[in-house]
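Note that chain A is present in both complexes that follow, paired respectively with chain B and with chain C.
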Partner chain A sequence: MASTSPKITDSLQFPDNLDVTKTFYGFGAVGLIASGVGYFLNAEQFFFSYLTSFAFFTSIGLASLILLMIHHITRSSWGVVIRRIPEAFASNLWIWSIFIIPILLGMHSLYHWTHADYVAQDPILAGKTAYLNTPFFVIRQFIYFGIWGFLGYKLHKISVDMDKTNDWGLMELLKKLSAPGILIFAITIAFASFDWLMSLDPHWFSTMFGIYYFAMSFQALFPILILIIFWMHKKGILENTIQKSHIYDLGAWFFGFTIFYAYIAFSQFLLIYYANIPEETLWFYHRLEGSWAYVSYSLIICRFAIPFIVLLNRDTKHNHKVLISVSILVIAMHIIELYWIVMPTLHHHGVSISWLDFTTLIGLGGIFMGLFFQRLKKHKLVPVNDPNLPDSLHKTYHQ
Partner chain B sequence: MSKTYEYVPEPALVKGNHDFKDITAMITDINIRPTPKGWYVAFGIANMLLLLLLGSIGYLVWEGTGIWGLNSPVGWGWAIINFVWWVGIGHAGTLISAILFLFRQGWRTAINRFAEAMTIFAVMCAGIFPAIHVGRIWVVYWMFPLPNQMLMWPNFNSPLLWDVFAVSTYFTVSLLFWYVGLVPDLATVRDRIKSKIGKMAYGVFALGWRGSNRHWWNYEKSYMILAGLATPLVLSVHTIVSFDFAVSIIPGWHTTIFPPYFVAGAVFSGFAMVLSLMIICRKIYGLEDIMTIDHMEKMNIVVLVTGTMVGFAYIMEQFIAWYSGVEYEKFIFMMRAAGPYAWAYWIMFACNVFSPQFFWSKKLRRNVTFTFIISIIVNIGMWFERFVITVTSLSTDFLPSSWGYYSPTIWDVATYVGTFGLFFTFFLLFLRFLPMVAVAELKGVMPQADPHNYDEDGEFVPPKVEVPEPYKNQTNQ
Partner chain C sequence: MDKKHSDKTIYGILAEFKNPRELTDASKTIVESGYRNFDTFSPFPIHGIDKAMNLNKSKLGWIVAGHGLLGLLGGVALIYFTMVVDYPMNISGKSLINVPAWIPVLFELTVLLSAFGAVFGMFFLNGLPKFNHPLFDSENFKKATDDGFFVCIESEDPQFEEEKVSKFLKDAGATNIETIYEE
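Coming up: the complex of A and B.
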């Protein structure tokens, strides 16, 4: 028995001497203050930069949430040892909701459909006022974050409760929460993406857009998990618990959802390009104008072609250097793609990088990661009482 | 949350504590035993339907597509509907065998062979329609880009041509995948069968399989590669089928969600079809210990998930049609829900979106009769989905003076019903002559194949996890 029983040899406590939380909060504060200054200098640029950064970090929280729910509903065992990381991301969504406030304050700058005089002259936009109006927009944000916040908080809470109570019945509760959770999540993320991103160009529409936002967020989650795990290993955290095989699996997910992202993004583009109806093509037309065209092409190469070719090989999913490089590339491309979705509304004719793009990213990123580490530190780094933990620890990687 | 829940461990994949020999006998004896009488009856009925198909096609070739109910605005009728419907059904097989294989889902082994066979026959049924609908069937080879003295080529920009490639590739790879999986089992039948002819026939197709280490090594490798190749095909085929509609500028057809929505719908109908067939076969052939209620429950969950995805797409389409502000889109979607074909739309909605919702209940998921009924309803619903998409968008086109109502003729119906004859003829032959469960693979997922952590009754006993000192007192079940 003793030889077969899996063993955790690492400490399950986040090292006390490693206080990254304060560093991140420090960065966050500096970034946010700088961005605040930027608001007084160039309010419009501030709001667009802020929205880009907000859409990026929120997408990580949301992707974590859906990964958790899929994990519970499929009774996966492979990912038990890494589960605390997405749990920590998702559990902060309710706190994160306060960062929607600047967007609500900047609606007038961001969204053309909030201009009553402009809408009055445009019969198409006038037809959309039942959905695109300020009070309903604000209410919807409350609904979205209420639902996500609740799900993320609950899934984390139950999971850490199980560390203490030893009650496996809680696994069933997690499943019961995840099943309808996935359904509600799908609907809310779709409408949220319509609200935040698609309605920047209120004339444009695409039924695929919700799935598109989900697909890119989900693709970007895996490189983030990979980087966090490598960082943790470097600091000696969970070195023997999160094994090669787990990283390999993350690499496989990363690869799979790179293809899924490309499939969704390309299908959306191809159908609009092929049908060539002016009200739809305009959106892509703007993004192929001036220097935006280079961004468009770089998305194909750096967000699909390179990761696809690199990750196709089995060995690269074990090679830390390669994995880290591809991960950084894809995370950067996720930010760039969101930038490419948001910014052409403001800068029609070409890329125009502002320092606010960076300060908002640093500011929100500092807070986001600070919250993450604060949460991660508080609890055991592995759900020690999960019934699938032995399986997860025993995972040998198949050839 | 004061309510307490009971933890349910993962059930064993094969019930009834059989040993390996039992399993081999249970499955391959079906091929070895003399043909049961009931089989002849079923085969006879299937053959009659097949004759109906051949007759309908014969008359079609003689008379032309005028015998169908097509009219001026509705130039695409039952032929495309049936094509998409059958291709959709043909999706579950490869999904079960390839994608679930890559995800290492052990439960697939009980049903993969079965589902793959269904896939191949469904794709054959589907392939008939594009071929016969061209009118002049004697020049059907023009669909392929064959060099010719007229320098005529098919339109490479058209998804209809991509379809020719996609479906034929899918069929080829599915067939190969199925056959490679069959080889070890064919050898098993060869070794067990008494009749000389049988020995020879199975022997030829078993390709000299002796079960040596090297054979298995090659087998595992090729199976893995084929699974990898088949996976993108699952997505590509129905994506391109959706392109047939979505690249056009017909309201109701041109919408970007079509590719994933069609794939979800295909998986949905495919799983439903596997369920319908499986529920009958496990009963007749006494395979309840292999195709268990737990398998059925898992498949029902897939049906619930994909059905809800399809529902999500319906709602997105309706919402965006309104949100787009495009007059024609709005009109078509209003016509769908409240126009002359509203009955079809609501049948579709009820069958595809509402009926799977019953599977939220664990009790109903595990109820065989109920599952059977829902699986049939789902396939009716998915047929209507294609009907709604094809017909509503065409019947009220941009020119109100040409609007018309479409109804099928007796020949439309006869051809469609006839394809069931083709399907079941092949399927019955499969049941009779080939092992319907992957015997060798099934043994690998049995509790008996994994000697760890089970007590005498085959109940799973999870090992204890040893954790570092400070947590010792509060952990371990």
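Coming up: the complex of A and C.
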């Protein structure tokens, strides 16, 4: 109820003296070159490591995209001040599509169903060839990235245009794009997860796998946003604009989607466990074998139990130290979970960590974050002409 | 409305303010003057009034957590007794202590008891149910559900003195100051 409307007191330009882009690109280049060397040493390991890292960073872009669309369609005001961060992630999805190429080149190593002689002897796989065949797989990747790239680019472009034109009619356009966007997104992310991750074991199927991939990606997005905002605050960026109340909201989303993730992941497990049909249980059986079992149990503890208990208290949802530790834990567990989904296909009997797991992560991560910061610094850090901005700035934390 | 009898004990002093802003400011002044037992009434929630009134954090969270835990442990006891001790049943060869299959039940019971804890705990902390409240004697107080913003400093407050409080509220810009008596 303040009589004066709140004003932004921070600089809206990313500081010029902070050149993180080059550092990230540097790391990216080194990581990718090292991984390239690894390709010649152990091609199979390279492709599996690459797929894990690719699935991780793509999930961040995709989760950003859905967050934006939900934000627009619900006309939310809380997150207007942080919106440029997911916008910057999502807007790069069309560039990011070039990193699917190594997977297309490595399909023969990654996916069993690409081996014609193997499929010919296997009636189950033969029955799936209408969907699982190389040309259709490649076409699907173009469709996915075409749709995501378009949505991400457009949502960012319109939002940035509004900074200059002050045309509130564009808000309508954002909503019109988001409504069908959410529907198409739900279908494409489900099929993309079937293609990239589920078809690694072509006999196995889970109708929940699409939402499972979405749930874990969305849970991991909030710790990433929290860490980026804390880093920005440390560098003095948007210190007074993104306040305690916004951090608290992110913490609440983080908490909520931790439960959602656990609900989905457990539901998938429970149905398969309870029905006890061999063709379904085999996937979990492999993941409870040897040292993979420890990874399975650590997922329950580190990805659900610890964040759940820690974030249950409302004070911890905006406590820097606690949030930073839980965020790092959950991001690490997201990588480990993807690793746990992908790797048992290659290493059946136990965890076998390769240096390629790290170089692909650093390589793709460097490029991904480099692209992000390049996009972020080009535009104002807050959508200044958004009609909901005053509301967002005005948010107070309720004790 | 014949309440001005000296044999009746005073419940508190009720005062009206013009708008939420004034009510919030008045709450701050009241806290600064050292009064502790007072409450504010408005037709809708006011942002920032909790802070202005210097309210303690609600204990409801702990009540809910306790009930949730009770539901969880009660659920474990229930399933353990029925499925393992009293009438062991072999279901598709799975072990008797079949934790994944228990989880939906444990989850439901945790949520159910948490919800009970939240609702009944809220009633308890608010002192509900209640047949009547001394404030309902005030004709003017009916505005609290429409367009009135009220403060009531209660006689339980150690600093309470009828004259002093009335004058204090008047100085704080209140109108319609009246003394409320217990029944």
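The rule is simple: the second predicted complex is superposed on the first by the 395 of 399 C-alpha atoms of A that agree within 3 Å, B and C clash if a C-alpha of one lies under 4 Å from a C-alpha of the other, contacts with A are read in each partner's own complex, and residues count from 1 in each chain.
Criterion: a residue touches a chain if its C-beta (ideal position, glycine included) is under 8 Å from a C-beta of that chain, and two chains touch if they have at least 3 such contacts.
Because the structure is a prediction, the values reported are computed rather than measured.
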{"item": "Chain A as common anchor, with chain B and chain C clashing or fitting", "value": "clash"}
{"item": "First (chain B), second (chain C), both or neither touched by A:Ala88", "value": "neither"}
{"item": "First (chain B), second (chain C), both or neither touched by A:Arg314", "value": "second"}
{"item": "Residues of chain A touched, compared between chain B and chain C (which is higher)", "value": "B"}
{"item": "Partner chain(s) touched by A:Gly127 [first = chain B, second = chain C, both, neither]", "value": "first"}
{"item": "Partner chain(s) touched by A:Ile8 [first = chain B, second = chain C, both, neither]", "value": "first"}
{"item": "Partner chain in contact with A:Tyr274 - chain B first, chain C second, else both or neither", "value": "both"}
{"item": "First, second, both or neither for A:Leu62, with chain B first and chain C second", "value": "neither"}
{"item": "Stretch of chain B penetrating chain C in the combined three-chain arrangement, among 224-232, 242-250, 332-340 or 404-412", "value": "224-232"}
{"item": "Chain B and chain C footprints on chain A, overlapping residues", "value": "1, 270, 274, 276, 398"}
{"item": "Footprint of chain B on chain A - complex, ascending", "value": "1, 4-13, 75, 123-125, 127-128, 131, 163-164, 166-173, 176, 179, 183, 186-187, 190, 194, 203, 205-211, 259, 263-264, 267-268, 270-272, 274-277, 279, 380, 384-385, 387, 389-390, 393, 398"}
{"item": "Contact footprint of chain C on chain A as seen in their complex", "value": "1, 266, 269-270, 273-274, 276, 312-314, 396, 398-399"}
{"item": "Residues of chain B touching chain A in the complex", "value": "1, 4-10, 104, 232, 235, 239, 243, 246-249, 254-260, 308-309, 312-313, 315-317, 320, 323-326, 360, 452-453, 462-468, 470-471, 474-477"}
{"item": "Touching residues (chain side chain C, partner chain A) in the complex", "value": "20-21, 24, 46-48, 50-51, 55, 57, 61, 65, 92, 94, 100-101, 103-104"}
